[in-house]
């Protein structure tokens, strides 16, 4: 197959789950797609948003009590995300990370930074952010806010879409 | 982008999970898509079917013991569904619902009724219903029964498909 | 609709979760698609790989301690997979299987063998297998190893893609 056949195609990922292992899979696909010159849109909604938080940017300003409590109970950075299964209070994840290190595989944060450098487009779901009380300045700086309608316009015209 | 570019496109959602938060995301997409004149098919299988139950329509007639027991142990209405994570025996869900109310966001049931009014097409998976012993009359009245083959015919010709 | 309209279309399934019920749904779709002469690619990554293990092929050779431990803690065959919800240490799954038997529905292993006979293409994710220490000879013999790039080339050109 011609190496360039897929260049300028579009992949749209709806990042819903906020699991460490699913985020890893999605970011490996995003990095690989960019290396193939495929355009990549990642739309983060609900739990997916926690992949883009960093602890030093957390704020309590202009948040309701529920929003503050919710912000404290949820993962504060990519490395904080749980596994989708066999997490065992973090033990299962520790084992996965050890196995990744033995294979010299990059970490989740490396794949995230790779995706940022390679031009993956990052969007945050407006409604999710309003409901959960997550502010734009708490997330990675290049993130843009997007409504469901704009997500659909992108997804309906992409060559593939996944709900992750 | 022309507002009508996406009119008459097709979105196909396979509703598998039966989680409150995932159902919310799917129904927000379904409502938004209909407002864009995108055709929407929702195919409910396995746990997804519990989104369409209502307690007052539950029946025990013509069910085996396992089917009766299963019907009792599973969610009886949309508002009964658990969160996909951080449910904490319902406490996490209560917190999410309080945050939604603070933002005056519609409830899950409102999005479901909106989707029904806007002409989303609802299908129930024949095999799942037979195995779980769920009867057509226990679900929303406009639901039609569909086999896997018909789902695939719709999905293969849609502009986007998600497994939720 | 013409029976043959969808022949030679392509369906691509990314099998990530390793849940009994989701594997059942995916394999029912894969079998049905093949009966419609739709080409089917199943790409197994992370937990999804455990669907293709058999206990008699397990090996401990050339595995690190973590890989050995991980191999012991994870499902050893299709019938070993847990439900995605209401598993209740296997009780929920037992109930589902009893209900399937009452309806004379085939078992998961039957759907898997059906998919193999009908020419579904099985691929294992190279990186996942390296990290988890799963060897090619531990899985079904027709499985081929594939990188993320090859998965994307297939998926971007398919008529539908699901992340399961």
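The first chain written gets the first letter, and so on, giving A, B and C; residue counts start at 1 in each chain.
By definition in this document, a residue touches a chain if its C-beta (ideal position, glycine included) is under 8 Å from a C-beta of that chain, and two chains touch if they have at least 3 such contacts.
Just so it is clear, the structure is predicted and the values come from calculations on it, not from any experiment.
For the pair chain B and chain C, chains touching both partners: A.
Two copies of one sequence, chain A and chain B, touch each other mainly through non-matching residues, since under half of the numbers at the interface are common to both.
Centres computed as Cα averages put chain A at a distance of 25 Å from chain B. The multi-chain contact residues of chain B, meaning those touching 2 or more other chains, are 161-163.
Across the interface of their complex, chain A is touched by residues 14, 16-18, 45-47, 64, 66-67, 69-70, 73-74, 82, 127, 130-133, 147-149, 151-153, 155-158, 161-163 of chain C. Partner chain A is touched in their complex by these residues of chain B: 1, 5-6, 9, 11, 21-22, 25, 28-29, 32-33, 35-36, 38, 84-86, 95-96, 98-100, 102-103, 105, 159-164.
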